[in-house]
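Some structures are shown below for you to check.
Here subunit A shows up in two complexes: once beside subunit B, once beside subunit C.
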Partner chain A sequence: MTILDVSGLSVRFASQGRTVHAVEDVSFSLAAGETLGIVGESGSGKSVTALSVMRLVPTPPGRIVAGRVLFQGRDLLTLGDEDIRRIRGREIAMIFQDPMTSLNPVLTIGRQLTEVLEVHLGLHPRAARNEAVDLLKLVGIPEAASRLDEYPHRFSGGMRQRVMIAMAVACKPRLLIADEPTTALDVTIQAQILEILSNLQRELGMAMVLITHDLGVVAGLADRVAVMYGGQIVEEGPTAALFADPRMPYTIGLLGSIPRLDRPDDRRLTPIRGKPPEAAGRPVGCRFAPRCQHVAPVCRTEAPPFRPIGHDRHARCHFEVRLTDEGVHAQGSRVLSPKDA
Partner chain B sequence: MSALFTSGRGRLERLSDAARRWLDSDLARDFRSSPVALFALIVVGLYVLAASFPSLVAPHPVFDLSTLDFADAFRPPAWLEGGSWRFLLGADDQGRDVLSAIIYGLRVSLFVSVAAVALSVAIGVTLGLIAGFYGGWIDSLIMRIADVQLTFPAMLVAVLFDGLLRSAFGEQAHHRHAISIIIVAIALSGWVQYARTVRGSTLVVSRHNYVLAARMMGQPTGFILFRHILPNVATPVFVIATIQLAVAIILEATLSFVGLGVPPTQPSLGTLIRVGNGYLLSGEWWLAMFPGFALLFLVLAVNLLGDFLRDALNPSLK
Partner chain C sequence: MIVYLTQRLGQTALVLAAVSLLAFLMFRFLGDPVVAILGANSTGLQRDELRRQMGLDGPLPLQFIDYVLGMLRGDFGLSYRLGQPVLRVLAERVPATMELALVGMAIALCIGIPAGVYTALRPAGMLSRLTMLASLVGISMPSFFMGMLLIFIFSVTLGWLPSFGRGETVRLGSLWTTGLLTVSGLKAILMPAITISVFQIAMIMRLVRAQMIEALRTDFVRFARARGLPSRAVNLRHALANTLVPVVTVVGLQLGSIIGFAVVTETVFQWPGLGLLFLQSVAAADIPVLSAFLVFIALVFVTINFLTDLLYAAIDPRIRLSDKGSIA
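The block that comes next holds the complex of A and B.
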């Protein structure tokens, strides 16, 4: 059953007289209980996509100019302010990157946790407090009852992210959006947080959108992956298939640039040459064309369509790509055949 | 507020906890290391105490006309020839004890200025929060109104407002509501400072992640404004309020002095000074001077306290 269906989402930002297409024609869908990983580098539009789903894109300067965000059949983009407010935190919750600044420094942890419960579930303060203790236990905070009266400055980054997760899942949302949930944390804490997230997801049957630039995190948790580049989704498919056989040259480059423990070979890592496009002055044709090793003339003039490739997969590329390892690394070798060039 | 978390622990215990936390706080430490601030606090405390329980502190019930004796009229202060220890600071034209009149007058002065400051804090903080949070045309509108307000001196606002209501409701009704009118008039002349300060900090604080988080949790806007943002922008408000309190006391005294303030039946310090002013040249100086000194010390103490708070609560000066 599809719980979230985003189609044709476009978000623009007006900045110093220029228009920046932060997100363009992004479509994806998510079944109940499923995890979608969205990966991409900084500025690729991951976070703006997430904020659009919550309808929290700062307006102005941002504006959602097109698209539909169907959540359980309702279009969140056309919902009234009061209706969307009831969905936030209750049906869709979100946690984000920096746990150090995500908690209000002048309110106790308990106050911040209970107010979610009181606002959405109408719990009595005492009941909310008991519930808050359970929530803290759920995310693995020891001595939960006494820590409830403490202020955030007494909590470490990992502990704060646990509190944020507790707040997010307080109302048992149907969908959890985790925007770089572990980026600000050290590696051992990362692993703990990810485990908590996946346990909670299983227990509560939540769908999850996991936004990250860490492919390892995605490989471990996501059922499906969407790769974003320059405000667009450039490739999308089941995690295992996408990792085993990436089709879009950007995805290929991305996977080629990280060390893999699941591959015995000791090949050198290959960085993607060039740098990501400025959001304001993106190229006309394929966004990735200036950096692509397999670029053909058509790539520079025509934007490639987002089309199905094989079973349950899509890619935004002119090529019917089928790459061998050599194809990735040998410059200029034409293993590719342009579909319509 | 605290009712939320009283389960399991006694209220008294929490109270003593709070007291211990306060004594251990940075602010309390700063107080102990600053004799001037401590002195100012004590002076203000004494004033407040006297104003709160005038019947216990004042030697004479000044509003009880039967206790007045014309034989005591214009009795000089006790240490002068003809003075009496019954009238420490002398007596006025009707034989009323000046010290007692000051204490009762203090009550009116303090009540009016505290209420006026409270009202302007309420107006200024609310408008500042709204302007800073929503931005756009709401922000422009509120801040332009504030700019216009600033072009009117406080005195003029008070005179205008007073005159307006006097002609609208007539002398009789005006008399009855004189205290409320002066409170509103002073409050209207003071809210802009709070609005500007709070708007500025709100602009910064609303961009913090925890405000975004609160919105993500689907909390209502009013709740976010007053529960999440307000506590983070409140510190400068305390400082301004303390300093504005001194301004309000003076303003009230000034208005009463020129006859626009509280009616003579409820004399404030300003009224006392005005009445005494008439006798200044005929030799009965104590009628105006002692209320004047009372006002001076009060304002001085409040100002010292305000200065101290401004430094103590400013993290960049630590």
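The block that comes next holds the complex of A and C.
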């Protein structure tokens, strides 16, 4: 059953007199209990996509200019402020990248936990407190009861990320959006946090959107992957299929740039040439064209459509590009021209 | 905490000692008390005699110690102008000024904080723009002008409020007289307090607004929104609470300077407080009063500083009143 269905989402920012197309025509969907990994370089629009689902894009400068975000059948983008507020934290929760700055320094973590429980579940302060202790235990914080009255600065980064997770899942949401939940943490702690997230997901039956720029994280946890580039999803599909057989030159480059033990040495690192795109102004043609090895004249004049490729997969490229044992090949000519579409 | 308190007290003592030294030097060298007491046409013999009696012929350090010991007993000498003990002169004036300053600051906080929050939350709103404009006027309007404007409107034209004095006062204990318990006292304090508060309102409002805009951009406010907290809780419990440390700092300093330097307002309204006393004492070269005034102002600032430090710790748990001693 589809729990989240995003289609045609576009978000723009007005920044220093220019319009930044931060997110452009993004579509994806997610079934209950499923995990979607969103990967992409910094600035590719991952956070803005997530914030749009929560209706938390700072406005101004940002504005959601098009799209639909269906959550359990309701379009979140047309809800009133009070209705969306009731969904936040209750049905859809979100955790952020930086545990050091995401907790309020002047409130005890107990207070920050109980306030959600009181607001959404109407618990009385005493009941909320007991529940808060259980939540801290759930995310593996030792001596939970005695730590409730401490302030965030007494906790390490990893512990704070656990606290943030506890606050997010306090009301047992149907969907958890985790925006780079481990990026700011030490490697050893990253694994612990990911394990907590996947355990919680199983226990609570939550769907999860896991944003990261770490392909390893996605490979381990996600059922499906969406790759973002320059504000667009450029490839999307089941994790195993996408990793084994990437179809879009950017994805191929991305997978090529992580060391793979199952491939010959000479192909281990294939960093993608060039710089990420400027988000300002709407580029004509394919956004990846300036960096693409397979670029053809048509790529610079016509934007490739986001088209189905095989079973349950989509890619945004004019060509049928495949990774074979001999290297990367663009097979044949254009499979589907924009005019045909 | 104990370490902090003792350190803080040590610093305080040092500051007060330095100020006492200044006050003493002023007392000893700016005005010759002997001449002042005996009159200008006294003979040198008479003066030497009095000097000896007053202990003013000994070595300076001893005289300073005498001065400090006297100060600790509350003995600042006699006012040249009034011939009364300085302490009594001050004690008559301090309550008037303190009440004026506190009421003025209370008005400023009650208006400045909500206005700051409001303009931060609706930066583009019409009312916000008007408020910001008004605050510019408030910051640049001289207080004598404000005072005279109020007098013109509410005393001269409407006749609602008295234009000078403190109204009826009530004695509380042996040292304090208050004007806050009588109708005429309340009427009398209204205009001077508003005059004092205008600048403070504008400043507090602008400070709160700037801090609040900053706080609204923080990750923890975004996370609070993402948890679906009502905007009241987000704006007040999460954002505003994080703006209070700078606000407390500024309010403390401002309170000190209102108490110490309310000269203009007190003059405009003939408010029988320290500012007026200060002017009268300068005019009469009443050195003992002036040096005691100096010590008193230092005491006020030091006390306020101490209280704000305690408040910091109450507001922000990261500020530990511990081994580090000072507050960053």
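In this section, the second predicted complex is superposed on the first by the 315 of 341 C-alpha atoms of A that agree within 3 Å, B and C clash if a C-alpha of one lies under 4 Å from a C-alpha of the other, contacts with A are read in each partner's own complex, and residues count from 1 in each chain.
By definition in this document, a contact is a pair of C-beta atoms (placed from the backbone, for glycine too) under 8 Å apart; a residue touches a chain by one contact, two chains touch by 3 or more.
Please read these numbers as outputs of a predicted model, since none were measured by experiment.
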item	value
Combined model on subunit A where subunit B meets subunit C, clash or fit	clash
First (subunit B), second (subunit C), both or neither touched by A:41	neither
First, second, both or neither for A:114, with subunit B first and subunit C second	first
Subunit B versus subunit C as contact partner of A:129, first or second or both or neither	first
Subunit B versus subunit C as contact partner of A:151, first or second or both or neither	second
Partner chain in contact with A:223 - subunit B first, subunit C second, else both or neither	neither
Stretch of subunit B, among 1-9, 19-27 or 73-81, that runs into subunit C once the two complexes are superposed	19-27
On subunit A, positions contacted by subunit B and by subunit C	54, 56, 85-90, 93-94, 96, 98, 101-107, 115-116, 119-120, 164, 167-168
Touching residues (chain side subunit C, partner subunit A) in the complex	218-220, 222-231, 233, 237-238, 241-242, 315-318
Of all residues in subunit A, those that touch subunit C in their complex	54, 56, 85-90, 93-96, 98, 101-107, 115-116, 119-120, 151, 153, 164, 167-168, 170
In the complex with subunit B, residue positions of subunit A that touch it	54, 56, 60, 85-90, 93-94, 96, 98, 101-107, 110-111, 114-116, 119-120, 125-126, 129, 149, 164, 167-168
List of subunit B residues in touch with subunit A within their complex	3-5, 7, 136, 208-210, 212-220, 223, 227-228, 231-232
